[in-house]
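Okay, so subunit A shows up in both of these, paired with subunit B first and subunit C after.
Up next is the complex of A and B:
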């Protein structure tokens, strides 16, 4: 795991791995996979909470579990910045990872594709490909979104591209 | 407007005749010539050409197909007009797909199916095809607007959707299966699919659809640093599919360590995209009209003007189930294929044997393809110079044990969903 910080590495190894290689078009096998996804997400969220590093909420937005919505946040200079989070499970999942979207940041940073899809590091896709089908949604959040927020939120805040919601209210009131 | 200008001219005429003072005639003449100029401009304003029933080879100004039909007269193409029977699906109407669509439209292709979920933005204006006034239109609708003006003979279908999502993929599949354009043809409803998307996820979705439909397709791509690209022919069962081995990339020769990737996602150049679109459509024409050879894989390194080629056999352990099915069918059809090839060879048997050029007056030596580094069938690990793999293969799954798998095994999906919600709201 070259190119990852030790923190991400040690967290990742504690998220349960998945075994079923199935995507949304695979019927009963997808249900099996979905159960594994839930187990991994539950374990990861619990782990974050007990480590005092709770940083996202995610739940399925449809009964098929192909669309997910939620929130993620990052604390910078003691202020919490929160964003909507959404993604679809691609039909070629888990061969390809879900493309994580932060629609509120669309157009605010170079490290994003159109539509608010975050730009992953050169290390993400190779690691995902190597670990197919063991990595799931929880792993994508840990390896993709967490490092992205840590790198980009400070830049966005310092450059004035995003404002803390308390600042924003103050400025509209004044 | 033309009518009004005409009336204005006749008003000027009568004014000139009724004016007693000839000294004013000069300025009236000036006004008259300006109005005439405007009338000419008005006449030149957008004229839409009407549809053409049959492609003619007649060389006249008004024939949009004469130079294409000349390919037939020169013996390059046997029957050019067949192009009107073909349907081509273009997935991704970006820097490569839009240019490919324009080329095929100008060539008089029968029908184009266009797929993209994105809108035209001013940030796309460093590329060819789209115009600034089309900003905020969907790429597919903007493309239909321009293409139907260029050639009204082409049947255009616009699909604004994301093929990687479940709903988008279903629509994609059913549109490819629709055979109403040419019901007598074998196979799916299209003759070729061109993948002009810019990401691995969408390529894998095209691969999935084409494997399931046994549909031949051409893949294209431009690297994120905009200095290299490739095209690849994929025939399900016969050649490697996109999932058979990790995708190939053309090495740019730039030291990866010096590339400042961290700053931005992707760069783009109209030149690289134009070259790749040209290579893609050239091979599309060769494939459809049956002339020349279609490249199995052709890379383009723009920094060195180097074009590596190679051929890839399907992987019997491919992770894609539909690919394995197609491989099996291809194996089963081998005896029939061999018999057909033999019959063809016998029919075309040369009347005389011996070297083609006895008197080699130019002293040309014909070098074996292999020595030139030409197309060769290689195993998936051995790559020709200038090509590398973009991603690693998946690890042997069984070699790794899953650490920390939860012991408490709940097997009801609803229970799990509720449990996650409980933690989320805690």
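Up next is the complex of A and C:
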């Protein structure tokens, strides 16, 4: 599990692992799987809250739970930068990891695919494959999005690609 | 959509809505606290732990410390710092405060201890003490890791209450143990009867204890014994006296000691320190002085005044009687000379005599009265005078023995003079040994044999002798001396003066010994004690008087010497002329060998011998006179004939060449040739500076004339028929040959036969007849047994008558012829 900072690692190990291997087309098995996903997400969220490290809000956008939407944020220089977050559960889930999208940052950075899908590190995929089906959405967020934000947001802010909403308003105002 | 899923959705929603807890970093907190202190919201000291994660107030720290101390009883500050997690500095600071607040606690060497801790320790100690009966404090201190003093001070107030025992010299003992050891000490102390070093005793007791206790190696301190012992002494359970803390003298011993000293001192009125030391009194003088204040301490002995009185009386007596006393011999044998001399200083009579110069002390303890010394002095001076006569012979005689005595002979003159002195001494001893001075001659006779040896062995000696003779020669006949010897003579003269005029100490010592035989007994082992100083003291006096006497004697003697020599010259002239006269007569018998020998010998015996004797005697006398000695004059008048030995002895006493020549003369005297004798005699006379007259015609005639006259008168008055014959024959020779013949009886007949041609028939006939008659008479006389009734006496008588009848004819024969011529 090299390639991640120790904080991420310790957090990851505390997220409960999943057991059911089922995709969205698997009917009842998927429901089971979905339940487990929720449990993992609850635990992760609680963990973040207790560590004063809350950084996202998501919720299922359809009753099947195959599309999720929400927000994520990162605090840099005492300023909170917030972005929209959305992703779909692929058909081959859980063998394939969900592709996390930050549509607001589309075209603003090179570490992103067309449509705002973030580029994950080379380590992510093998790790995910190795831990299929034990890793779920919570793990993808923890392992994929959190490090990405920590790495990219300060660069984007410093390079002026993104501006705080207050600054943006003040700059527009001025 | 089942409920469970909905529920989970809701829960997730709720979880996401929940407020996240707010967390502050440590840094923020520290900053906040600092801010609070800045704002004086916190207005007291805040301490922080070593980890830096906690703040603690001093009160809390103190509380924690007290709690820790109460829990453990004894805590080191370092441990406290660890336990509270606060820096040691703060802990120490707070510890002061804690001690101040809690009087039952104490801070000792970085450790805080409470009373309760000590109580528990005391209990522990007590338990152990009851088990072991004794514990060393050092052991405890080591165990507890605290100072000895501390543990002692802590245990002392608890002794008897919590700790049931007794602290003694760093040891804790149970009362039972103390009692036991006390009993041992008492027993040992009571058992001692002689002074003892207590530490020795303690070590013995210690050994005993160790043996009894077996393996438990308990070391009991000597101090413990000592304190027990002191207690016993104080309670007078044991009697005695303790000195310097460790020397114990039991009362029994002290009493015995005192009694013994008392009894000895009262019996003998003295006591030597040795005795006291043997009795174990280390400082006898102080001891005795404190006991007998009237006593007098000497060097090795302590005496009662009565002892001194006794010595005083004895010495006074000796002094009054003009004698001497030996203080040492008057005192007991244990007295040393130093003691004796010291005692003498306490004698009043001696001191007063010394002050008034009535007595002298020699060799520390010999007291000699002045009159006694004067007596010795006079004796010695006299002795020296008499010795001076025999001195010169003595020197020679004992120079041989001296070789052995001295061991080596010095090369220089001084040494040889020393030897002379020693020899002098030697002679003195010899004479003393023989008891009287009369035997001197004999002694010297015995020594004759040595003389030649010594002369050969000691060239130095001979040289001195010869020099002496030279000196003598110089004084009398300086003309005869060769100038070349003057230098050496001067030197020898000086040396000789020394050697003769100064009697050595040894000599004086010897003399004193003979005078006072008591000295000899005393000084056998060490003559230095008295004789040497006495001799030293007397010597100047003796020397002075001796020199005076000698001077007087010398003047007196010089006159006598002169008259003596004149006398000798006269006598010698006379007798030597006679001798020459007689010698001439011998020429008549040259052809008759046997008669000649007889005649020669007769002449030597009858005429030469007295002459030689006279010469020797007078020379000897002269010799003595010159040495400044007194000579008895008696011998001058009665000239006794000397034996050959006597002659030799006298000649030996002559110095140098004179002696040798004199010996030659004596030898010639024993010989058969008058000529050799005459030669030798002339040499002696020459050597001794006498001139001998030669017989010339005129002198011969006058002598012959007087001789003839004498003979004639003698014959005319002669009544003895036998001696008449010899005289008649002599006279006939004078008449016929004009020679003076001295013929012995045996040679008479030959002499008569020589006259045959010169006389007429008748007178020759008378002569021969008379001669034959005389011979028969003499033969008869020789054969006569002395028995009156024997017929031989008648025959002798008749022969004598016959001879007597013929005497007138014989007389007339000579007298008529003498008248005619």
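FYI, the second predicted complex is superposed on the first by the 174 of 174 C-alpha atoms of A that agree within 3 Å, B and C clash if a C-alpha of one lies under 4 Å from a C-alpha of the other, contacts with A are read in each partner's own complex, and residues count from 1 in each chain.
As a working rule, a residue touches a chain if its C-beta (ideal position, glycine included) is under 8 Å from a C-beta of that chain, and two chains touch if they have at least 3 such contacts.
Model, not experiment: these values are computed from the prediction.
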Fit or clash between subunit C and subunit B when superposed on subunit A = clash
So, A:131: does it touch subunit B (first), subunit C (second), both, or neither?
-> first
Which partner does A:34 reach: the first (subunit B), the second (subunit C), both, or neither?
-> both
Name the chain, either subunit B or subunit C, that contacts more residues of subunit A.
-> B
For A:16, decide between first (touching subunit B), second (touching subunit C), both and neither.
-> first
Give one of first, second, both or neither to describe whether A:42 is in contact with subunit B, with subunit C, with both, or with none.
-> both
For A:60, is the partner it touches subunit B (first), subunit C (second), both, or none of the two (neither)?
-> both
Pick one for A:96: touches subunit B only (first), subunit C only (second), both, or neither.
-> first
Touched partner set for A:52, first subunit B, second subunit C, both or neither | second
When you line up both complexes on chain A, which piece of subunit C, out of 1-9, 307-315 or 559-567, runs into subunit B?
-> 1-9
Which residues form the common part of the subunit A surface touched by subunit B and by subunit C?
-> 31, 34-35, 38-39, 41-42, 45-46, 49, 57-60
Touching residues on subunit C, where the partner in the complex is subunit A | 1-2, 4-5, 8-9, 11-13, 15-16, 18-23
Counting only contacts in the complex, subunit B reaches subunit A at residues 118, 121, 162, 164-166, 169, 199-201, 204-205, 207-208, 243, 246, 261-266, 319, 390-395, 397, 400, 402-406, 410-411, 413, 416-417, 419-421, 423-424, 426
Where on subunit A does subunit B make contact in their complex?
-> 13-17, 19, 21, 24-25, 31, 34-35, 38-39, 41-43, 45-46, 49, 57-60, 64, 66, 70, 88-92, 95-97, 99, 110-115, 119, 121-122, 125-126, 129-134
Report the residues of subunit A in contact with subunit C in the complex, numbered from low to high.
-> 31, 34-35, 38-39, 41-42, 45-46, 48-54, 57-60, 63
